[in-house]
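Chain IDs A, B and C follow the sequence of writing; residue 1 opens each chain.
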Amino acid sequence: MAFVVPKETFSGKVFEVEIGTGPKAVKIGGENTLPFLSFEGALPNKPVVACEVQDVPPEDWPETLREAYKDVSSDPVGWARHCQDAMGAQAVALRLISTHPDRQNRTPEEAAKTVSDVLAAIDVPLVILGSNHAEKDAQVLKAACEAAKGRNCLIGKAQEANYKTIVATAMAAGHKIIAMSDLDVNLSKQLNILITQMGFEKDRIVTDPMSSALGYGIEYTYSVMERIRGACLMQNDATMSPPLINDIGMYVWKVKETIAPESDLPDWGPVAERAIGWETTTAMGLLMAGSDMLIMRHPKAIATVRMMIDDLA
Amino acid sequence: MALSGVEIFKHLPKTNCKKCGFPTCLAFAMKLAAKQASLDLCPDASEEAKAFLGAASEPPIRAITIGAGEKALKVGEETVLFRHEKKFINPCGFALLIKDTDADIEARAKSVAASEIERVGQKLRVELVAVQNESGDPGKFADAVKKVTENAPNAGIILISTDTAALESALGGLAGKKPLIYAATAENADKMVAIAKAAGASLVVKADGLDALSGLTEKIAAAGFKDMVLDPGARKSKDMVEQYTQIRRAAVKKSLKPLGYPVISFAVDKDPYVELSLAAVGIAKYASIIVVSDISRWKTLAMMALRQNVYTDPQVPMQVGQNVYKVGDAKAESPLMITTNFSLTYFIVLGEVENSKVPAWLAVMETEGLSVLTSWAAGKFTAAKIAQYIQESGVEKNVSHKELIIPGYVAVLSGALEEKLPGWKITVGPREANALPAFLKNKSAAA
Amino acid sequence: MLIIGERINVITKTQRLAMQNRDKGPIQQMAKDEVKCGAGMLDINIGPAEDKGDELMDWIVKTVQEVAHVPLCLDTTNPLAMEAGLKAHDNTWGRAMINSASGEEERLNMMMPLAGKYGSLIIGLTLNKQGIPALAEDRCAIAAEIMGKAAECGVPMEDIYLDPLIMPVPFSQEKSLESIRAIRLFREMNDPPMKTVVGLSNISNGAPKELRPLLNRVYTALLMYEGLDSAIIDPLEKEMTDVIKTVDVLLGKTLYAHSYLEM
């Protein structure tokens, strides 16, 4: 029996989405086959890694992570510049965590100022993230969208509870949006439908399936992603064709494996390597499931994952 | 995977004699495809037809066992490409690569023996050792294998050598241990198969490209040896994804028998993070044995977690044991909380409690692995059941107070629970776990 | 399931007149309406078109694709018209489909080579000179012949859409089930499964007007359960397309979302 390469041809294709402006703009998505199978399809864009910065010094981050940014994280502008220049980041993700009511509860106006300041300092694309408090995010992201007008940012995250305001302003200000639902393929589809029914074009959306850390639910994210990508490619479902983004830093860097010192758990080895390995493995697993963009934190994990992406794509 | 009527029809006499009871051979073939008839009905079916149909009912990927006894590793038998279609059946095995020229063979073998950890009620370990005949010296090779078997008695062995003398020397000490021999190629297949057969070992088959590989395995299978493992030669991530996907598709979707064997992947790199990443690719993308050059504990922790996650049965939630867990330096006056035993719930709640730095008691109740809301809706997390558990668990001994914090999503139970737990105060906690640190800090500040 | 719109045909008076007079308006409007309602392909039925059929086909293919960016199903028994249509067809949004070849030797020999020549899709009606067979298995035998001729002409199995032909339930109720069985058996004839198509509305031919939509919809659901890939129907009939969308969701072919009917 002669071997014939088992190629599959799919009826669907992932939308290509561009973020940022100018020469450093990046495109994600556009593939017409399963992850990295270039023998049977086109992979026009490599997955992109965005480096996360926060709008206040990250006192709650584990030691390993704080150490990596200790000289720059006191100010989001300097921090963003460090990611772009010293680390060669393809994109920066600014998380407006200070606006959370349980944190500093800063105002939308203050957030908008931070956004403007950061945009003035960098020319790589910017992802703008709220604090994940649905109600507050609607106002914060509205202000951020306006402040960022003209820079084609990726705004996140629009969820069922707050998407109307966010989508309306993103539409007016010409941005792309991240649509996130709770680890559910059908809810993800419904949210995309609702967003497009507002007049927001379906190829301006990026889907966040809701990520989880390795060992803490990653298999749920993994399978939701494979099912979303399957619906896109095999069922040619346009509502499931946005590229996929995974915001993993926020989940990875609060689990025990990235925090507990070796003295507490000698069987687990040294915490710095362990933590970096944990973020790296989370990213690699999700790349295998179809991730088109990752938001990550540790420079070493980012560097390794970017090297692996270059090998894969 | 089912054969189609047309494929079966090609192997039938095509005389339309009707002896089978069906009007045409095509009609009979369709019944065979639907497993609604047996080939016995055709008096004129050839031996070839019988062999063809017999082969079609075996699992698409052959089962291979390495090692003997309780801790033997079984791989293969996979049937799908996506874990959400059907669970992946046999978790891949990890192998540490040891060269017979290494200075610290004993220590490295010992690290394999000591690699076991427990996670969510499962014991996870590095199952195999691959010993490489780097020296070219049969004596040194046998000696290395001996050191490995003495210091890692439960590890399955992979012998990396193509030298007859070296292999026979090493195999001498492995009687009945079902090792895996690496590897047969087009040039030495006859010799290697003979050695493997004599030793009761499985054999890795290696070739350049899947066409050559399937030709070679076909040849070996025709000679009567089928305990094969495939090395398609991928050493970089891109080749791994492409080749392992092609093999799995060919075996599972196209019923291509020559590629219906487990795959061995060499995830070896000087950079430990790259090695970890290569292992991750193999775990997700269909490799059955993953060989690494270093098993530092921080690394295997991640590898084992990913393997556990990918191979979990998507239909069966992972559960933790029912127990009252002490978080931090919890004392008698520390708060007592209750939640369900869905492993994800447990980990998330536990994580947040730890993050709060407030020592606490976390009572985890058996709810068949369902989360808070789901188990409540299913009648497994009710006031009566919670009360019964609290009373029977003896948790009263741990605490000097009688206050129980229940998850915010089941606030509705607080009244009924207070009735069923006389003397206890029921406090409603937050709905989302990430609000626990603020909740617990406020509580301890108020106390 | 692929919906092939049936409204552009010679039997409908307005369409027939538009064809005769080369009047783009009604044809283009209907094409747009059909696509809007979910048709993924449009059937262009010009009938036998013995008089200048090739010119008519050339004109109508271009007219329709001017406003409807979907592939077309070319419905005529006139081989010259068929070839003209295949030549004029813009394949940007998908390949054309020949409607149709059959087990009847002359028709098979006339149409199948065209599919080979132009690389188009082709419908194979499983009838022959003796008519429509009673049993599903006998339809399979005819299908095998159509597949054999396809192989000869270099037409891949994946490009064939087998049609078991539907008999009206008022006249031949026992045949309704046979067509459903035939869909299942056709699919089993190859790996990957053979594709299938039906002209739906024949199931209710002869039934009272008010019963027809109900018979059509339920029969569609039964056929879809057995794996029907495509159907030639009236996409403007909303209850029908609602049923198709619902069955697609129930069979797991489309992901569910609360607003699935709006898609």
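As a working rule, a residue touches a chain if its C-beta (ideal position, glycine included) is under 8 Å from a C-beta of that chain, and two chains touch if they have at least 3 such contacts.
Being a predicted model, the structure only gives us computed values, none of them experimental.
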> From chain A, what is the lowest number of touch steps before chain B is reached?
Replying inline: 1
>> Using only Cα atoms to place each chain's centre, name the chain farthest from chain A.
In response: C
> Between chain A and chain B, what is the separation of their C-alpha centroids in Å?
Replying inline: 29
>> From the mean C-alpha coordinate of chain A to that of chain C, what's the distance rounded to whole Å?
In response: 44
>> As a quick test, compute the distance in whole Å between the mean CA positions of chain B and chain C.
In response: 47
>> Quick check: what residues of chain A touch more than one other chain, meaning two or more?
In response: 227
> Residues of chain B that touch two or more other chains: which are they?
Replying inline: none
> Which residues of chain B touch chain C in the complex?
Replying inline: 3-7, 23-24, 26-27, 30, 33-34
> Which positions of chain B touch chain A when the two form their complex?
Replying inline: 82-84, 117, 119, 210-211, 213-215, 218, 236-238, 241-242, 245-246, 249-250, 253-254, 256-259, 271-274, 276-277, 280-281, 283-285, 296-299, 301-303, 305-306, 308-310, 312, 314, 344, 347-348, 351, 354-355, 435, 438
> Across the complex, what residues on chain A touch chain B?
Replying inline: 1-3, 5-6, 8, 34-39, 102, 214-220, 222-223, 226-227, 230, 254-257, 259, 267-270, 273-274, 276-278, 280-281, 284-285, 288-289, 300-301, 304-305, 307-308, 311-313
>> List the residues on chain A that touch chain C in their complex, please.
In response: 185-187, 189-190, 192-194, 197, 227, 231, 235, 237, 239-240
> Can you name the residues of chain C that touch chain B in the complex?
Replying inline: 137, 140-141, 144, 185, 188-191, 193
